[in-house]
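Going by the order they are written in, the chains are A, B, C, D, E and F; count residues from 1 in each one.
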Amino acid sequence: MSPIPQPPRRKPSPVEWVAEMLCEESSYRTVYHRPLHDEPMPAIKTLAELMERLRAVIFPGYFGHSDITPENMRFHIGANLDAIFRLLTDQVRRGFCFFCDLDGTGDCKECEEKARRLAGEFLMRLPDIRDALAEDAQAAYEGDPASRSPGETIFCYPSLTALTHHRVAHELHLLGVDLIPRIITEMAHSATGIDIHPGATIGRRFFIDHGTGTVIGETCIIGDNVRLYQGVTLGAKSFPKDEDGMLVKGIPRHPVVEDDVVIYSGATVLGRITIGKGSVVGGNVWVTRDVPPYSRLVQQGPGGGGSCDGGGI
Amino acid sequence: MSPIPQPPRRKPSPVEWVAEMLCEESSYRTVYHRPLHDEPMPAIKTLAELMERLRAVIFPGYFGHSDITPENMRFHIGANLDAIFRLLTDQVRRGFCFFCDLDGTGDCKECEEKARRLAGEFLMRLPDIRDALAEDAQAAYEGDPASRSPGETIFCYPSLTALTHHRVAHELHLLGVDLIPRIITEMAHSATGIDIHPGATIGRRFFIDHGTGTVIGETCIIGDNVRLYQGVTLGAKSFPKDEDGMLVKGIPRHPVVEDDVVIYSGATVLGRITIGKGSVVGGNVWVTRDVPPYSRLVQQGPGGGGSCDGGGI
Amino acid sequence: MSPIPQPPRRKPSPVEWVAEMLCEESSYRTVYHRPLHDEPMPAIKTLAELMERLRAVIFPGYFGHSDITPENMRFHIGANLDAIFRLLTDQVRRGFCFFCDLDGTGDCKECEEKARRLAGEFLMRLPDIRDALAEDAQAAYEGDPASRSPGETIFCYPSLTALTHHRVAHELHLLGVDLIPRIITEMAHSATGIDIHPGATIGRRFFIDHGTGTVIGETCIIGDNVRLYQGVTLGAKSFPKDEDGMLVKGIPRHPVVEDDVVIYSGATVLGRITIGKGSVVGGNVWVTRDVPPYSRLVQQGPGGGGSCDGGGI
Amino acid sequence: MSPIPQPPRRKPSPVEWVAEMLCEESSYRTVYHRPLHDEPMPAIKTLAELMERLRAVIFPGYFGHSDITPENMRFHIGANLDAIFRLLTDQVRRGFCFFCDLDGTGDCKECEEKARRLAGEFLMRLPDIRDALAEDAQAAYEGDPASRSPGETIFCYPSLTALTHHRVAHELHLLGVDLIPRIITEMAHSATGIDIHPGATIGRRFFIDHGTGTVIGETCIIGDNVRLYQGVTLGAKSFPKDEDGMLVKGIPRHPVVEDDVVIYSGATVLGRITIGKGSVVGGNVWVTRDVPPYSRLVQQGPGGGGSCDGGGI
Amino acid sequence: MSPIPQPPRRKPSPVEWVAEMLCEESSYRTVYHRPLHDEPMPAIKTLAELMERLRAVIFPGYFGHSDITPENMRFHIGANLDAIFRLLTDQVRRGFCFFCDLDGTGDCKECEEKARRLAGEFLMRLPDIRDALAEDAQAAYEGDPASRSPGETIFCYPSLTALTHHRVAHELHLLGVDLIPRIITEMAHSATGIDIHPGATIGRRFFIDHGTGTVIGETCIIGDNVRLYQGVTLGAKSFPKDEDGMLVKGIPRHPVVEDDVVIYSGATVLGRITIGKGSVVGGNVWVTRDVPPYSRLVQQGPGGGGSCDGGGI
Amino acid sequence: MSPIPQPPRRKPSPVEWVAEMLCEESSYRTVYHRPLHDEPMPAIKTLAELMERLRAVIFPGYFGHSDITPENMRFHIGANLDAIFRLLTDQVRRGFCFFCDLDGTGDCKECEEKARRLAGEFLMRLPDIRDALAEDAQAAYEGDPASRSPGETIFCYPSLTALTHHRVAHELHLLGVDLIPRIITEMAHSATGIDIHPGATIGRRFFIDHGTGTVIGETCIIGDNVRLYQGVTLGAKSFPKDEDGMLVKGIPRHPVVEDDVVIYSGATVLGRITIGKGSVVGGNVWVTRDVPPYSRLVQQGPGGGGSCDGGGI
């Protein structure tokens, strides 16, 4: 086999010229992902199918096949779980290999086995995830005067969408799965405008009304019966750097929100502070210090004194 | 026919075990939707097609077939309307049956007839919906210095998307259609970040610039020539509860915004208050009391005195 | 050929009646787009494919085919570029024709040639666009304590999505392409909640964390190493009108943000002011005056003094 | 609501003119199907899905999900059967209504109940259908020197495709289902060129090699261990007419082929005759009289004496 | 812009090597189609859509939308016709350009105008095409003892499929359209095994039972009430060559079949001969001479004397 | 984890009952394919894509991207070849594993390496395959009076479709690839009615007119310039069996057809005989003995003496 024949030295077309420029190693070096051992990247489309199937398993009749009966439920849930197990094992492995690849030390065989084990463990947690989401639906129904039944919130409230993704992603995060949980929550972020980091710990009966622009950071701890509105930030106040000026990653830096707290729209709560049990944070309020239990924080403004009763719709 | 053969009593696979756990009646009871009379759930995908066809009917040439002429317009609009009538009748019936199902008292035959009648009535309102949206496009063009023609706003402004969904959903809401209007506005919410409850009453020539995070509540009444920016909340201040501690649903609890009002980004307006004709509410301002006509409300801050001239882009 | 046979004068069905109403010239006049010379409208679906292919060309292995090697890279990049050239030429022409059509003076032949030339020029800028995005990925990695590698930010951070769309759209905008840049940035706006006007000038190593609700106006000029958070508005303060009361379009009216500035969530910066090099603008702060270099602007509120260290997550 | 506005009496476009011509009652009368009670027509696409699912149920691992294990088989088969039951009930009802519609006397409620009952009965016959097809695969393997395993014939032999469709369609035919069996066999006819009427009775271990152009008529009775080749016709010899000159439908008019017969390519066997057990009919032979058991029929031709040993490949 | 950078002179991968070999001008010269003026090739997928829409227009309710009523028929037929006109104009132009390209003398502008004119003329013939197909359906019903109604033959008989394609293709052929008619009949050939050249002239009430393998040549002329079976060849007997040894194209070389003829399965009729009115040609018979009216031609064979009564099923 | 909970011993639904019956090991044993090492089955859909891409590579501009120029040809051919290499490697491995699985002795690692090597070798033969097909197109053009250019035959003649599949499948067969060649030719068989076994050896400039029902057996050897018509069988005359009564597989049993032979429609040629150079076999003729060079074999029949000039169309 002869060496690659050289293309004629005519003036290239723009397409030919740009193609060569973009194939220069100096150009593609930092933006090129080369899979180790041919492991493909996690696939957003597959993860979307995975979430569809999980939704059908968690809320039978609401999503997926609509005529589920006690007689056929076992078949449809079983077939979906079998597919979920297969898809998830594969994606989890790709998630591990994404980082293996980057440092070049990965052993994909190990990733494979680990992925299969973790996917199995994740499945075993589904009954608990369903229980938590059932309570979230009840909380959404009780927390929104415009809602007519818990079923309606399962079917079309962004809060339930965001929490379904979060509760799934958080379990995967706890199991040590790489990358996949982040993609799963980004899917919900794109669809709902609610950005919850998979590391955040969230209690029972949680509800976010409207939700667009609400952000919940990686090390947040949120109690039971908490209600948020749109545009709420539970963020970090400062990012400590190490001696090299690089951010120190992973330290607790987001708020602790205790049980029964309500935080109205546009409020900003920053740093590892505690919002005490039963407190109400008014709309657009800025909080960077601990707040004792049962407090009422409100903003004063040109259009009238703040109130802690509301701020939702 | 013999009873169901019992599976062998070997150790189950994780998939088998979880499938059984999720088929326990105690697990699925509150998250399972069983259709009465085999009525399937409303389908988001079908409603998306419905909105596509409505857009093609309202804005011929902009959406759907692009080479519409006066000669063939009748055929394409007629064929789309016929499909809309059929799809809408079906989805409206499913919306009714969703709640019938929940209380178990529904008569699906009645839902069918009611759905067909209401779909017909909705069609008759399309000429008015189109007129209103034509004026909204003009308002968007006049209100945004970056806009080059009303046609451009029809084609790609989130405000027009949100209003097309809202004006359709609001008419369905007025006709007493269940669930469907809410899903239609949630579709726009997901795509644009603008969350308008189908119950809100909105006047002519309305424009929301950028729009992400803007929320307009169920009982809002908005006059003509009103302009909002991103992150504006027109919300409730407090949620009265009945003697059982449950929220009282349906009472007027959101602002009345009179003609010619401008509300800049991030402003929060709460409760059944009135923003008087011609007023301007500055960015990030918090308002919970009535505002007399032609007022100027601004925020003072560390970076300079507020201004009522602007706040958009 | 006889005249059109007249339909029977029976009572029309609702569909027939509405179809006729919507085909009245007085009804459709302002909402009907008639293509000049059969030029179809720009197609959002095609532009989505175009962006997919651009992403595959800019970040080989991350998007598009996942097993790209130095041996086959040339083929896949070349084939994608060839398709991009064709699709882009076509869409750019449609963008020109959209406005030609409106004033009725267009010569589509000219649009065709101009479109082909501009598409070629755009391709030549791709190596620079890739360089800029590679630095943006590095900045995202360094700016977010939750990020594990620059590759992760390429793969799933909304900031990179928004910037890929913006940097492409901005080059097209500089080349004088009509409408298409705006649609490309609206696609990113819908997916991420980040609304950057294609006219905005943005320096190197730019990062927006979370991003939902952030708005960057048409005439903004942003330096290098700038970091924004969710809900930040870089907007206009006022819109001068001409003697006819119409907005004057195109004048500089948005902020200049110099190098190394950080602006935290919910801050609003309005008007043609300058935020000096190295300044920090705290969360929810409202700024309408020039800010000298290395300033710290914070909000005081009920929950504690503001801080300039943070506000992200 | 006013009468339908009359279109302007200008010269119509060709599209307008033809549309009116085709909407004249005299033109569409005999080619227009109006569904009674809104029952749609049987859908070929749905029947294709039905056959896909049946294939997956009958040959697990060969078709449908490829990694079927004893642990998950129950779920996938069950879910497929549930879908088959639903799809089949619906299509069978449409089949009945197709003929109801034509004479205008149908009661669709009855069709619905009958369809559900028959679909259930059909399901109960699946184990037998599977047994028969398993033997057909074995016969194909044994009958074709080019075949390497029975599994290969399941996977890609046209004979197995045609027989899967036939054995399913024949059971439906025996249950009295209208139209659907015919469509199912036509699907196989189009894919394989083998045209078996659903009424034909076919024994065990049947094999058709190559098969293109082979035709098996409605009242054929075929024994066990029969083998045919391409282009064989088992047809009717004459069609008795009644006193009105119309064909008498349904009388036995096709051959009886006893056990262990082989019929080579291009042979034509016509009329209610019997090909006796163990006979061989040579290629291109024409048979219109009874053939006693163990006969050898061959054609004499210019290229050599016929032989009864072969004719296949 | 520099010349195309030369790839490194390393040993190529097989893909690289083959790519270069196949890009040698000497390799691709005779198998490469270069469109003149960027005219793409006719698209089989588009022609399939065209045929779908034609079927919906010709047989309303059977194909396309299934709930067509006298009220909405106008809209659906009109919208389909409008699409047909556009698609057909485009494909016809491509058909012309395919041959223009080959001799390099084409003027695509002319092709465009000619295509539009011919597509319009074709539309005007649709009412006649429908009439002919309605009679074909009646003939199929009367000619097949297994058929239960003419509607059933419209819905699922291969003969009607083949004739729908043929009658459409033949009109296009008569109008002088290039290539497209041939593709349309090849689509039917692939689906049914019936191969009718678009040039063949076919009378009213034509029926082909089973049909696989039946071939009808370019210059055939077939009368009314003719019935064929599977495997019938109406072919040419010899192909005269010119002095250069090339086939002379276009001269009459296929049979004339007069009214009321029946030709049974496998018969071969060759050359410009005439099968006289009312004749019957038995199965597998070979005919190369004129046959007087009301003849009976049968084959004698080892399995019994031929008969002219039948041969179908 | 407890044992699998037992379903309640109520009367099963038909779906439940049949599901259990079909999951009995005795029922599924012979029709169940269990992949060894999770190797999925070859996928017909993927092989269809493979053939699409091969066609685009062999006939650039005719199939795949239609505006191929000398400038961009390299990219599109290279990208297609890269995909072909990947898809083919995968499918070839599955083909090997299909038989490994059956005897349980396979080592999939070896299959993987062998598959990659063979796919590479196959690629190297593509230039020759293209040359042969280019000559086939020329032969089709010259052999059919109805054809207007060789390009037309590439684009829409079934003969070219069947030969493209055959020449590809035959090379794979020569390389020792299992199962895949058979599936590839079956795809052509289904689309064209032409059934060529991948083992058949076929010379240059081969043409089959119409083709439906033509069968070419596994051990056929066909010279150059051969032309066949529809319904021709080149088959085996007898199948020797071994002492166990099983067919002996693989021995030469089909005809040798020398250069320049023409065989007209419906002719049957059986056994390892030789049709001498330049011979003509008339339509429907039956041949089982050697035929000397330049022979003319014709059938005598009731409709006239046979002729050797024709039989095509």
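Note that in this section a contact is a pair of C-beta atoms (placed from the backbone, for glycine too) under 8 Å apart; a residue touches a chain by one contact, two chains touch by 3 or more.
Just so you know, these numbers come straight off a predicted model, no measurement behind them.
Colleague: Pick the pair from B-D, A-D or A-B whose contact list overlaps the A-C contact list by over half.
Modeller: Among B-D, A-D or A-B, the interface that shares over half of its contact pairs with A-C is A-B.
Colleague: Fitting on CA atoms only, what is the rotation between the copies chain D and chain F? Please report it in degrees, nearest 5.
Modeller: 120
Colleague: Could you work out which chain's C-alpha centre is the most distant one from the centre of chain B?
Modeller: F
Colleague: Round to the nearest whole Å and give the separation of the Cα centres of chain B and chain E.
Modeller: 51
Colleague: Take the average of all CA coordinates in chain B, do the same for chain F, and state the distance between these two points in whole angstrom.
Modeller: That gives a centre separation of 56 Å.
Colleague: Among the residues of chain F, pick out those that touch two or more other chains and give their numbers.
Modeller: Within chain F, the residues that touch at least two other chains are 1, 7, 14-17, 19-20, 67, 72, 74-75, 78, 81-82, 193, 212-213, 231, 266, 284, 299.
Colleague: Which residues of chain D touch chain B in the complex?
Modeller: Residues in contact with chain B: 7, 12-13, 15-16, 19, 71-72, 74-75.
Colleague: Can you check the complex and tell me which residues of chain A touch chain B?
Modeller: Residues 57-62, 66-70, 73-74, 77-78, 81-82, 85, 120, 123-124, 126-127, 130-131, 133-134, 137-138, 142-146, 148-152, 154-158, 191-193, 210, 212-213, 229-231, 265-266, 283-284, 299-307, 309-313.
Colleague: What residues on chain A touch chain C, complex-wise?
Modeller: 14-23, 25, 27-28, 30-35, 38, 40-42, 98-99, 102, 178-179, 182-183, 186, 189-190, 193, 195, 197, 199, 212-213, 215-218, 231, 233-239, 246-250, 253-254, 266, 268-271, 281-282, 284-289, 291, 297-299
Colleague: Please name which positions on chain E make contact with chain B in the complex.
Modeller: Spelled out, the residues of chain E in touch with chain B are 65, 67, 72, 74-76, 78-79, 81-83, 86.
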